[in-house]
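These notes open a run of structures that come right after.
Each of the next two complexes has chain A plus one other chain: chain B in the first, chain C in the second.
Let's look at the complex of A and B:
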């Protein structure tokens, strides 16, 4: 398969706000269930172990006209809950049997309540990840949370989830994460071969495909891209930060790269690489999933950082690990977690003399000229005036 | 010395400059400008560069760094792209080392850029989306008046009683001009009125970037409009405009973006060489 064929397929999946592929998966076998989840993170292993398809609901994208959704939210709330409500009331999510709303922010948390009122026939749960990382406190809390989730899924599917089911799904997702990380590493090594718009589409495909199929797709992509001749350009290398929930329009990612910046790391979709190591398949699988989050999960703004000194250092680490020369903060308008964290992250970057710029977007932002201008001048300032 | 090319894809015109560069030394060895005239600008840019290279007995393999600017970022064969402010600033310093600000007036918009002696951008302001301060607007007016673009400057300087046009909106300004034609206002007076309106907008941009003194290099396609340059010089002489600057233009001002791109390309070539990343990026 060529790169173009793979990315064309990803683009079709990305643009399809009717989720045709997930509908087809569900219709292929009687009794199949689909569970949607909002950003940033849920342990998909558990949904998969219940024999269900987990799919990421990442808003309505740039082309969805939001009419009903606006009626539910004040003007100072971001766009993702509006477009998610719009997807719901326009029956685009009518095939979904369950919805999980993680503890990303107040808006996403409260959307779980809105969903229960609007769609009482759908299993809707607020999914709370711990903010205390001691195994005997946060770990116990989280294990109970995971048990409750399993019970809900068992009730929904009418099938018991065994430890072996969980171990099998952990293996599937370990393999998927391995290839997600390989793709990200490949982009760090050869960003000119892997435009970020392609990587983004490839990762978005994983939000609606079964993980086994997505893993194969990433393997095919890396094999195809290695054989494709693509010229390296004299671009600067940047880490993009702040787009972990509401997603930017694809045009914004393309504009940043066209303006002369290789995005060598990002936080667009974190669910697929939140856990940074393989989860063990030995022993109690539920405990292993819980412990992986406590000790081996990526830092992100909705996760409490107990040490003030440590806060935000991860971003400087990402810059170093990816060989980046600067950071572009691109947060969704009114995104509390991203925007409240930004001053703290600026502080870390200032201390370490890492240049950065910041702008905001909405998933339907159409005017890219100001972003091109900012990213272009940022790239020039790094290439022409930095000390390196 | 290595050879570098700068390609400036504008809204109305493609400009290509060919340089030899080594450290602070450089030599301009070739240039070419082509109006786009409904052609594919990217194909035109590629053909124009290839023609210029051929004219100089060169091929793309002889070029160390192909730099694009303006709308040229989509040209696949480029080595690097620079934002147009960055390149116009460098081009202005090349054309006149005393430049401390740039007025880049192209087909679609005008932009004032404050720079330092190295061509580093310190501040800038652009006209808004409205096109009445742009070359495209002036082209439309020339068409209504039945004159060529080359005649505009000279005719404007023959004006004895300029008619003021709207300084804000291209649509209103065009309506103004149509009314003036029906009132038998002469072409020189109409053109001078337009130049005054454009000049006022551009000088406001200069003030907004806190440019108060020094040489202002006019770049972009309208730098060749002698009527506009003369009107701006009159504008800065007017104490009420509160800008103590000298308006400068150069016959090669239209190439400022391409010149800047080629020179920055040379700079980056040497920097990449230092960093050991040259082979990969060239």
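Let's look at the complex of A and C:
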């Protein structure tokens, strides 16, 4: 398969706000269930082990006309809850049997209740992750929390989830993460070969496809892209930070690159790489999933950082590991977690003399010219700075 | 929730007592460098006042400082300083008011500088912003910061797992840190004693809040409740002072009730009670008196509010601190605070209050800063209207940012709402 064929398919999946592929998956066998989850992270292994398809609901995107959603949210709340409600009231999510609302912010938390009130026939659960990272405290709480999640999925699907089912699904997701990380590494090594809009679409496909299919797709993509002739440009290299929940329009990602910045790392879709190591398949699978979150998960603003010295250092590490020269902060307007975290991150970057710029977006931002100009000026200043 | 509201409003004995209590707490905090008292900063919802007292640690509440500064018209400049330091216009203004206050020398309401806290107690109840707020403060103060993760009541209940998790954190994280900071050994019997006093004060507070069920309510359960909840939601729950304050308050309200009097307002005794409202959402602090006046001058009294439950829901389902099971009870207290309850439960609570307090409807004061309250309120309004058959209304202001209080808009909305209630009554009368 060529790069174009793969990315065309991803684009179709990305633009399809009716989730046709997930509907087809569901209809292919009687009794199949689909479980949606909001950003940032839920342990998809568990949904998969229950024989269900986990799909990421990342808002309505740039083209969805929000007619009803605005009646549910004030103007000073970000856009993702209103476009998600829009998807719900226009029956675009009517095939979804369960919705999970992970511990992200007050908006997502309250959206779990909005869903319970608006769609009482759908299983809707707030999904908590621990803010205490001791195995005997936060780990124990999380393990029981995971057990409760399994019980509700068992009830939903009329199935029993065994430890072997869980181990099998852990393996499937270990493999998926391995390839996600390979794609990210490949982009760090050869960003001119892997435009970020392509990588983004490839990762978005993983939010609606079964993980096995997505893994294959990433393998095909890496094989195809290696043979693609693409010219290296004199771009600077940046890490993009702050877009972990509401997603920017694809046009914004393209604009940043067109303005002369290769995005070599980002936090667009964290669910697929939140866990940074393989989860062990030996012993108690729930304990392994819980421990992986406690000790080997990526930092993000909704997760407490217990050590003041460590706060925000991860971002400087990402910059180093990806050979980036600067950071672009791109947060959704009214996104409290991202925007409150930013000043703390600025200080880390200031200390380490890493240049940065910041702007805000909404998933339906149309005007890209200002962003292109800002990113262009940033790229120029980085080049000047490194030449000096 | 501060002396500023109260001093020029009511001169009852309870009021003077509260003023004294608040002043003495600020003095205790600002004199810490001389006395050696240790100071902890913490949040109102789910605060652990009885526990903090077991270690002789003074309690400083940045939310209260922010609202107190707002009432003295100081937050506009503080917020603008924080924005100049790189904080976004879009985020919670309590945080920015606090950071701006630090930038302006961190002067307490008594005019003396606030000492740096010895500890940040991040009781993370009902709001994600708390987490960011204390990460920002920790960066400045570099002091021990203890996180108490209080799970959200997403499924509308407290499970054993949730309770055990909070209790374990108390035992193994919070208490050891407090011991270390204060040098005082934890004594669970001391905690029990404080909790006995908490429960006594809570009983009297509940009596006061429920006095609004009387038609011709003797209190305003939103604007007036701001000072009723002051001591128990802040540094005094568990103290003898609080017991005394609530007993005094109760007897004063009993007297008002016996005399058939309505609430007292900053402009004196309130006239005829024309409208009875339930209010969801915190008040605006920058224009508090002006805001209140828009209600009382039209004869609108608030008979129940969600704001009077942010630091503990005592009246709705009967929670009391339980000295027999101190740590479990603290855990349940933290989890049961209003904004830690899910939206369906909050909605049911508001609908029930409209019915139980014979209100004309639900008014929502939606706060720009506060997603914890605001996200989902429009749906809540529709639901409560549908369930009770009573009209609702929606206004938008902010807590401490004067840029978001538009008096003309708020006044217009309120007046149309009162007209709507009148029409509904006339319609009802005609139909009958």
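Here is the rule we go by: the second predicted complex is superposed on the first by the 385 of 388 C-alpha atoms of A that agree within 3 Å, B and C clash if a C-alpha of one lies under 4 Å from a C-alpha of the other, contacts with A are read in each partner's own complex, and residues count from 1 in each chain.
The rule is simple: a residue touches a chain if its C-beta (ideal position, glycine included) is under 8 Å from a C-beta of that chain, and two chains touch if they have at least 3 such contacts.
Keep in mind it's a predicted model, so treat the numbers as computed, not measured.
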Fit-or-clash call for chain B and chain C when the two complexes are aligned on chain A: fit
Touched partner set for A:385, first chain B, second chain C, both or neither: first
Touched partner set for A:111, first chain B, second chain C, both or neither: second
Larger contact residue set on chain A - chain B or chain C: C
Partner chain in contact with A:258 - chain B first, chain C second, else both or neither: first
First, second, both or neither for A:29, with chain B first and chain C second: neither
First, second, both or neither for A:235, with chain B first and chain C second: first
Contacts of A:344 with chain B and chain C, given as first, second, both or neither: second
Angular separation of chain B and chain C about chain A, which is computed from CA centres of the superposed model and rounded to the nearest 10 °: 100
First, second, both or neither for A:333, with chain B first and chain C second: second
Minimum C-alpha separation between chain B and chain C after superposing on chain A, in Å: 19
Residues of chain C defined as touching chain A within the complex: 85-88, 90-92, 95, 122, 124, 127-129, 131-133, 135-136, 138-139, 142, 145, 147, 149, 151-152, 154-155, 159, 161-162, 164-165, 168-169, 172-173, 342-347, 366, 368, 371-372, 374-379, 383, 396
Chain A residues within the chain B interface of the complex: 231-235, 258-260, 373, 376-377, 379-380, 383-385, 388
Chain A - residues contacting chain C, complex: 71-74, 76-77, 81, 101, 103-107, 109-114, 116-118, 125-128, 130-132, 134, 136-138, 140-141, 144-145, 148, 301-302, 304-306, 308, 311, 333-337, 339-344, 346-347, 360
Residues of chain B defined as touching chain A within the complex: 65, 73-74, 76-83, 85-86, 120-121, 264, 267-268, 271-272, 275, 280-281
